[in-house]
Each structure stands twice: as structure tokens, then as C-alpha cells.
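Same chain, two partners: subunit A is paired with subunit B first, then with subunit C.
Presenting the complex of A and B:
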């Protein structure tokens, strides 16, 4: 159902790369659309308003992680450029958007693309060394982005603009889309859906074009790619631009949940977490980004629920159980890397295959 | 072939983890009831955010113990007008996204009516949300910005704010040391030089800086350019050497205890030769243990409450409850953080009592009850608490301490409102 029946062959690359080739896929997408746009935001709160609100709050965190990790996936998973400084570009996006609104009175919908462009260009700057270095050395240069951007430029200079102190608080009513304030979980959720789906569609589309093929070629073997006529430096920098821009959108989006932006929201740990997300989700897969973000947002929350359930029985162990929560999360990551080295996306692919081939196992 | 053992194991773990969260029919989690509710009596649900594993856990662990003990003792003594407090609690490790999701869990599952919050970053990030949800947040962040009800109507704390503390420490040093100490008798012809050590990226550390610089100008200090010291600093030699060129007479330390101890030790080792003033979260019983002799002498710090075990009204109860509920934690290891936690809980309990009496035991009711406080004395050396609809600074009485032989000694209690009557009104909100 998911695939075309035997005997039908594609004759062009365009046909081969077409999305949604069968009716089943159309139906599945319609179901997903209804689930995301109607059932989750509107249906669930009808059953229980506060649980609905809570789920949307979590979904917004997942969306932030997807937007953030998408750029990392593009760089690491598709172009083979290891990055450990992506939080810097998220920070640039958040600060450009916040300053645009607070300092220059720009509306939020204007600051959003500005944030993307500024982060993209900033990312290109730190992508320049990739023309000369790769592998472990590239890790060092991308880490520079983190420390120079967040630790130095933003903390020392940008955060001092307007004499607000480091934490820029965004008064209620600052973030609006025309007449609509983005304050309730529902409004943040719809904004998140539009941004996440938009970003995924753009990246997925890029990946099936000449640009995407060039990126994959660079990842697989940059010398071979160059021999084939791919302008390696140009495409690498383009990847940095797109990844930075996605980070910028993530930062600007996260402002809706933050209400106060400060450099400590974009520390090195976030850069590492974003890499963790794509490792868990699956390197080189857009599904991987979504699965990784879901894992990173939901599993700690689930563990919190589990640990919280133990407190009434062991109240004196509270202080001791809390670090265990981190151990449990670490263990979950190790288990996934051991049993699922190709990430959750690979497992998803196998499940789909299994269903597709059922009842035959081959 | 497909259903391999590892596949099953992985799926089982995944389903288990995700199953817990999607299972909405389970009772509300995270609630540590401290005693069975008396029949017929109501229950008051409160949430608490702690840092037990993050960069401020050096002071967060003891604070968490204090909150738990205070709530237990309160419940044991009959709760709030007979209603017991049910505490939902979690460690968020100073990670803002986790603070946001934990708060949402408290709000939507546990249905709390008030929050006992922690750091400045997350309290500021949550401020508009708690205002929107009408859930008062009684935080361990005493940031001046949170004391302006026009911007943060649902934020409270039972301690003098960081900015008032910083101004008080600076003023005390100016009055008691610069003007009186024979070391500076021959230096009166020049301006005293003042340098600041704090984490530039941390909202807690930066919260009082504007007020501090303003106060330095008011008193006629020459202010240095500031040194960036991380909250988890293990070495501050480069900052001390950079500050040394400025030859400061006084240094402000705006981080938490671990980082402050490092800076004090390096300052002593490298012969900085300056006196020190320390914000309240950097000044506790652990400071002389970590910094040794470097914490003695001309190191002055803020105590927003009395130190643990100090002879003040209400302290007996704190010690009794600490011994009773956490006997495994040695008394010598207990800190002023326990007392600070008690101060917030006692203030909240008083507000809950008033709200309950007024028949509106809700977030809004608690907020309104706080705003009826007029010089409420919760003991423990806390400034008498007053909140109005236009000013949430709880008070103006600041305790300045120093360590002698590893023990805290009260140097002076300074009333900032009395000392600066004309400026006090203008200082709200930063």
C-alpha cells in the first residue's frame, strides 16, 4: 500500500523522487494532518483542558528541539560537517528577534526572517574554516562559534544593549502575529507546527535537488565530489547558511516560551544535546530529527513522572533519587546506542518494511 | 527472524517510558504528601522547583531540604488553618526547558495554587506565565526585577532583593571600613576603587549590577570594568590578575559559594590586596570551609536571614525539624539555605492563612493576601515583610556578616530605607 505495485517503474528522477505516490500515503498524511492540527490541539483539550494544555506545552518543546536539531542534521547527517556549536546560532536568532522587537519596535513576523538571515550569515562565517579543515579539527572550529558567539559577543556586548542587564524580559503582548498575541500554548503550538512543517518541507525538498545531492556527495567523499564537479566550498557554506538559518528560526520561536532571554539559555550543553538528538534519532534522516527531538523532550519528562511516583514511598531519598534521574536518562541513551546504533529512524524504517511485507518476512 | 531479542527489549523500554507519559488515567504524580490529610480538611497543593544537580546545586541541596522540612513541620502543626499542604517537587538541574515543562506539569496535573521557585533565569522566564495562570511564584531568586508588580505581579520572595543587598553591602563597607578603618585614613583624598566579579551570562549574577554601579556612583566610587567569572569556576587567576592592574580597594562577588571561594582564594594567593563583599548566595557556612583563611578578615557578605543555628526567634523550630526529618544530615553540614527556605515557606503559609480566612484559597487570593502584609515578622532574622500592589520589595533591613574563626558574625544590620529615604522609592524594579 505504501509502495507502488510490482511492475510499475519510474522513468525519470522526478517521478522517482515524488512524494506521496500512493493513495495510502495520501490517507496517512491526511490522518497526520488531522491529528496534528485538529485532534491534538482541539480535541484533547475538550476531554481535559489542563492535560490538553500540558501536552501542547510539551509539543512546543519538541518543536523547538526539531527546529534546532534540523540544522545539525543537515550539517552532520547530510553534509558530513561535524558541528558542536549550533546553540550559538539559536542564540543569534533569539537575540536578533528579541532586539528587533524591544529595541527597534519591529513586529515579530518581521524579526523571524531577520533572525533566520542573521543566524545563517553568522553560521557561514564560522563555516569558512570548513574549506580547509575537517573531522576533529572542524569540531574545534565549530566549538569556537559557541564560545565566541555566546560566551563573548552576546554576553559582553549584545546582552548589554539598552542597559537591560543580561536577561531581556519580553513583556506580555510583545510577541504578536498581527492582532493575534502568541501567548497561549495553543497559539504557540500552531506557530510551531507551521514553522516545523515548513522547515521540514524546505529541507526535504532541498535534499532531493541538485543541492541535496551535492551535500550527500560531499559527506560521502569530498574529493570524489569535487572530481565530479561539485563546488565543495560553496555547497559546504550553503549548508552552513541553511543550518544557521534554521537555528535562527528555532531561537526566535523559543522566545515565545521563554519570556526572558539570557545567554545561559544557549550554553554549550545545548549544542551537545542537539548532536545527541540526531544520534538517538538517526544520523542522515529527517525522521531521525523528529524521533530524536521526541526522545529528548519526552523521556526526561517520563522519568520525572516515574521518579516523582517514588517520592511518596521514599521521601527521605528525594535528594538521592534526583541524580538517579540523570543516570536513568544516560542509561536510556546508552541502551539506544547499543541496541539501536542507527537510531530510531532505522527502526521506524524496519517497522514500515515489516508491515509492508507482512505476512512474508522477505 | 525479525523479532530479535534486542528489538523486543528496545521496544519494551520505549513503550514503558512513553506509556507512563501517555497514561493519563493515572493519579497525579509528583506529590509527596507529608502526612495523611485529616478527614474533612482540605488540601493545598504547592509545587517546588529545586536545583540538586545543576550549577547552583552547591546551595540548592540545602535549600531543598529546608523546604521539605518546613512543609512537613507546618503540616504536623496542623497545616494552614487545618488544611495540609501537599508538595509536588522536582529537580530541574538549572535547565530552563526542564523548569518550563516541570511547571506545566505542576499546573496541569498537580493543580498547584502556588510555586516555590528557584533560579533567576527560570523565574524570570516563567514570570509572565505565572501571571497569566495566576499562580504566585515564591522564588529563591531575589532579583530586583521580580519585585516590580507592574512587570511581575505574581512574583514574591521573603528576603531583601539582590539590588538592595548589593547597595547595603557597598554602603556598609563605605561607612564602616572606608570611613573608619585606619588602613584607609591616609587615602581619603581619592575615590575608593571598586571591581566586580560575577558571571556575565547568568541572570542571578547580573541582576544587581546596575543598582550596584549606581550606588557606587552615589557614594563616589571609581568602578572597574568587571571580571567575568563562571558559576562553576575552578580557577580565577586570569580575572584576579586583570583586576590587579586596577588596584581595587573593594571587590564584589556576585556568584554562588563554590565560585566565590575560588575567587577569594586566588585573590589572596595573588595578593590582590582588596576587601571583599559577597552576595547572599555566595556567602554561607561552606565559604570558610572551601576558602579557608581567604574567607576571613575583610570579607563581608549578605545574610538575608540569620545563619543556621544563630540565636534568633524561630530558629529552634528549624533545628528541631532538621534533626527530626533529616537525622542523617549532620548539623554542621546545615546551611543558611535551610533558613532561607523556611523564610519563603513561612511567608507563603501566612499568605495562605490569610487567603483561606478571606475565603479565597486560590492563586489570586494568595497574591492578594501577600499584598496585605504590613511588617509581618516571620522571625529567623528576616526583614519585616511588607508587600503592596505597587512594590513587592519585602523590606529594607539587610544583615551584613563576616566570618571569624569560620563562624559567621553579624557586623551590622542596615536599614536602606532609613539610610536613603529619598532614593528608596525610586529603586523599585531593578
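Presenting the complex of A and C:
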């Protein structure tokens, strides 16, 4: 709920439903815009070039996670369809875009929507069982999507197209936006910002239309939704399409940061990680996607710093970064579920409320 | 025909190991309603622990018994620490805790044992195969089959005759009623996890004897999911039959589909074996949405 300062009243429904209702919010958004578009990409490297590059690289990873987890959030948090195979659709997007560029010579901006559509349709195909199968059994069919798509079709057929071997290398200069190559961290960063902000705006607005309300109705009780006249199967499939398309965009975007694309980038673990992200961020919240992605990208960095700090005492830890990462993710998921089941988004909401109401407690 | 028989028999033997792991999985689901995605890691832990004991120079049977002991301890520990606080939480929460457990266990395993393939050295079972008529069957398979059958018999008879086995059945049937009769639901959940760790541990150890031990055994452990789904999630005989079906299907797919050639073109380049169980599972679900032996739920608003 939006809290208005004293003395401001709404007279129309339109005003009531606006995103940014007060000058203060406008100023805050302008500040955020400047921070994201100017200070972070341009200001920081001026202070220290290597730190700037490092931060931008990390931001790109966060953007990839946001795009991927957004689809999972849509399915799990808003439509109630638990999915454990989302990495498959990211893989489809990445491969459609890569093949479009390498095999057919299409420009990158053209392959981007192609990847989204292909992934969306592929996702609808694996969403079809949801018309008949529910709950635990549906979770298993989403795992089928993962193993069939990545483990079999992509590994055995798609990755062999053109005789490039299992990994498609993407030589520098492959990915260009018109005349501009997307190679430096800065150009990837701006592409990421546009895609992420676009995706978030589309999804946030979709959620407050008829479609979004139908999804939430299905999540809360699908039989009741059907009784109320929601075409459950159609809206479920629509959710699968949008989620798959977002995954496809994520995959096509991630090509910019890969020197070669191979099936190992889209393992079952990635599917599980995406679900872990929205759990840590908060299920059923778009803030949750952002916070979860930030958390997931920052934890390995924190571990790396920690291990580097312990290097004089335990040098053998340095070779064991990847198991340590797994342990940290596992513990993070478990501890969040046990002690902060509503996720970081809920904590953020509480802090915001506290500041709004200060100095009163309620 | 000989080829078919050969593949089917080996399939039944590998399938009996899956059946064992699937039984452990179903016990957890039946008694506490937890969909456990960490089953692959449970098999991995068992495989590595038994390997370690074996490398200390203990006889394999002793190593296996000690693995069972470790399984009990881990089962009680995991249940007490991670699952007991979540009794009554939503489906997604409980599933994701098991995902967290699987990340954690996998991390610990790679941390301790590394990611290279380990083999039982010296080999536990003699390598020369046994011939019955035209059939050639590796001794590993036969002994694994025997071990799996013994374990299955022990668990099923525990379930049917022992006091706590009956308590587990009562809890899975009606938790409220069983609690009012003085059965501790918490202890039942803990026992279910301990049994799952034990069954998966023995299963993992046997699988490790067949292929060597590495992280991919975790994927074999994940194959119990199609097995239990085909059987219907809450049916113990269903889990056993489902496990055997998966073993047979996998072997037949590997034997026939991988080498299928139509009009001079090889249809499947390979890897059918790994995904075939999942495809069959999805098809079965489309026809029977609650599995072959599962309970149909009637939902009301």
C-alpha cells in the first residue's frame, strides 16, 4: 500500500492507481535513474578503473539473474506453478540467439525477440501437462523439461549443428547492436539495464491487469478461479509463455558475457538456484527477484574475499571455492526458510514502513 | 531375443537398487508428506562413506553395516535440524529445504572427497561374469540384486511387523488419530529419514560398485523420482515396482534406442538412457495424473 503524506487526496481512480504519486517518489526515481545510468557506470570507473569494471561485471551477473528469476517468480510466486526446470528455457534462448547469429547471420537485435518467442513456445509445450497434472506431480514434469531440453536435445542435437563441437565459441565482434559491438562491460551494462527495466515494467504492469489478477486467482485457489470464470488452462499457459520468454531473453543476454556457449551453463543446478533466489528474496514480490538476485551474486564474492583473507592460515581452502559456494547456498536457503520465510523483500517493506511512520511505532 | 532377455534381466537387477532408494523416498513422503529432492545426495553420501570404510581395510559387509549406522545418525540429525521446525509449512517451503540440504550435502561431499571418480580397490565382487545358458551377467549385478532384495525384505517386514513400523503406517494413514493413540509423530518422521538415509546409502554403495563413485551417482539417485511417480507417490509396492520398471526401461532404451538406425540414419546420437525414465513418467502422468497406484485426491473449494 502506498502511504500518502498528509494533505494529499485522490479524486479519481486513475490517480489512485498511479505508480509514482508524489513529487517525493518522482525525485527518488530520478535519483535511482541517475545512480544506475550515470553514477555507477560512468562515475565509478573514473575513481578507479578496475573497481569500476568489477562492479559492472557483477551488475551484469545480477541482471542475468533478475531476468531469469523473474520468470520463475511469475510462475511460482504469482501463478502457483512450481517449476524446477527454468534453466531449460534460458538455454533455449541462448541457443536460438547463438545459432541465429552464427548459422544464419542474423543481427543480434533480431535474434533477441526470436529467442524470447522460441523459449516462450517451448515453455508452453512443457506447460501443457499443467492442464491435467497438479502439485507434486507437476514439479516432476518440469524436471522433465530440464533433462529433456538441456541434457538431451541441446547436448545431442543442437550443440552438434554446424560441426562446431559441443561448445559454440562466440568470437569477439559477433554480438553487435547495429554498428556498436557489445563487448565492453559498459555496453553490456547498458543493454542489461534496458532489458531488466523493460522486463520489470512489463511484468509489473501485467500483474495489475486482468491477466495478472487471473494468475493470482489461480495461485490462491485454482478451482475457485475456475468457478469465477477464469479460463485456468489458458492463463496457466500464458504464464508459461511469458516466463519462458523472459528466460529466453535472459539466455540471449547472457551470451554477451560468455566467450563460448555450452550445455554446462544451464544445468539442473541453475534451475534450483533460480528458485532459491526468489525464496531468499521473497516469493510473490518483484522486489524479491531483485534482492534475491543481488544476494545470489554477492555471496560467492563474499566467500572469495573470506577465503582470500584466510589464505595465510588455510591455504588449502583456495582450491575448494566451488564446494564452499554450494555449502553457502545450501545453508542460505535453509536458514532463510527457517528464520526469514518471507524473504528479504518483507524485511525491506518493514524497514520502509518504520521510516514512514517514524517516530511513531504504528 | 537373447539380447532382450539379457537387457531385461540386468535392468531388473539395477532396478532393484532403484527400488530400494525409492522405498526410502516413499517412506518419507508417506509419513510426513515431504517431497525430498535431496535423494541423489543421500545416495552419494552412502556411496562415499562406504568407500571410505572399505578403504580403511574393513570387509565390505562391515563397511555396509557401518554405512547404515552413519545413515541413521545423519537421518536423525537432518530431520531434527532442518525439517522438524518446518512441520506444517507450505509445500514449496518444505521442498526447497530439501533443495538446500542437497546443495549443502553436495558441497560437503565435494569438499571432503573431491570430484574425481573413486573406485572400490580391490574390487569387492569378482569381475568374471556368470553364464546361465546364453546369458552373461556380471557378478556385481547379481550380488547387488541379492543385497537390494535383502534390504527390501528387512524394510518391508519392519514396516509390517515391528512396533515402530506399524506406528509409521498409522501416522501416514491418519496423523491426528495416531497421535491421540500416543504415537510420537516427530519420532516417526525421524525414523523415516533414518531409513531413507540407510536405504539410499546402501543403494549408492551398490551403484558405486557398478560404475565407480562420482557426482553422477547423484543423478542416478534422482531417477527414483520418476520411479516413485510412476508407482504413485504414496504406495510402497508402487515404489518397488516403479524402481524395477525404471531400471528395465533404462536398460532397454540404452540397448535398443541408442543403436536405432532407420534408413541408414542413426536416430538418437546417445544419451537416451538418462532421459527415457523422465519421458515415460511424463507420459504416464498425462494418462494417469496420480501415477499407477497413487491415491486420487478429490479437491473442493
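Points worth noting:
We take it that the second predicted complex is superposed on the first by the 329 of 362 C-alpha atoms of A that agree within 3 Å, B and C clash if a C-alpha of one lies under 4 Å from a C-alpha of the other, contacts with A are read in each partner's own complex, and residues count from 1 in each chain.
Everything below uses one rule, namely that a contact is a pair of C-beta atoms (placed from the backbone, for glycine too) under 8 Å apart; a residue touches a chain by one contact, two chains touch by 3 or more.
Since the structure is predicted, the reported quantities are computational estimates derived from the model, not experimental observations.
Legend: residue contacts after superposition of the two complexes on their common chain; A:298 is shown touching subunit B, with no touch to subunit C. In the superposition on chain A, A:176 contacts neither subunit B nor subunit C.
In the superposition on chain A, no contact is made by A:17 with either subunit B or subunit C. In the superposed model, B is the one of subunit B and subunit C that contacts more residues of subunit A.
In the superposition on chain A, contact is made by A:224 with subunit C only, not with subunit B.
In the superposition on chain A, A:50 makes contact with subunit B only, while subunit C stays out of contact range. In the superposed pair of complexes, A:326 makes contact with subunit B and with subunit C alike.
In the superposition on chain A, A:155 makes contact with both subunit B and subunit C.
By the touch criterion stated above, A:257 is placed in contact with subunit B alone, subunit C being left untouched. Contact with subunit C, but none with subunit B, is seen for A:135 once the two complexes are overlaid on the shared chain.
Shared contact residues of subunit A, touching subunit B in one structure and subunit C in the other: 151, 155-156, 322-323, 325-326, 332. Of all residues in subunit B, those touching subunit A in their complex are 1-2, 6-7, 9-10, 13, 17-18, 20-21, 24, 29-34, 50, 52-53, 61, 64-65, 68, 88-91, 93, 95-98, 100-102, 104-105, 107-109, 111, 120-121, 124-129, 131-132, 145, 151, 200-203, 206-207, 209-210, 228, 325-326, 328, 430. Residues of subunit A touching subunit C in their complex: 76, 82, 84, 129, 132-137, 139-141, 143-144, 147-148, 151-152, 155-157, 160, 221, 223-224, 227, 272, 275-276, 279, 283, 320, 322-334, 337-338, 341. Subunit C meets subunit A in the complex at residues 35, 37, 82, 85-86, 89, 91-93, 95-97, 99-111, 225-226, 229, 233, 268-272, 274-275, 278-279, 281-282, 285-286, 289-291, 299-301.
In the complex of the two chains, the subunit A residues touching subunit B come out as 48, 50-51, 53-54, 57-58, 61, 64, 150-151, 155-156, 159, 163, 165-167, 169-172, 183, 257-260, 262-265, 267, 269, 297-306, 308-309, 311-312, 315-316, 318-319, 322-323, 325-326, 332, 335-336, 339-340, 347, 350, 354, 361.
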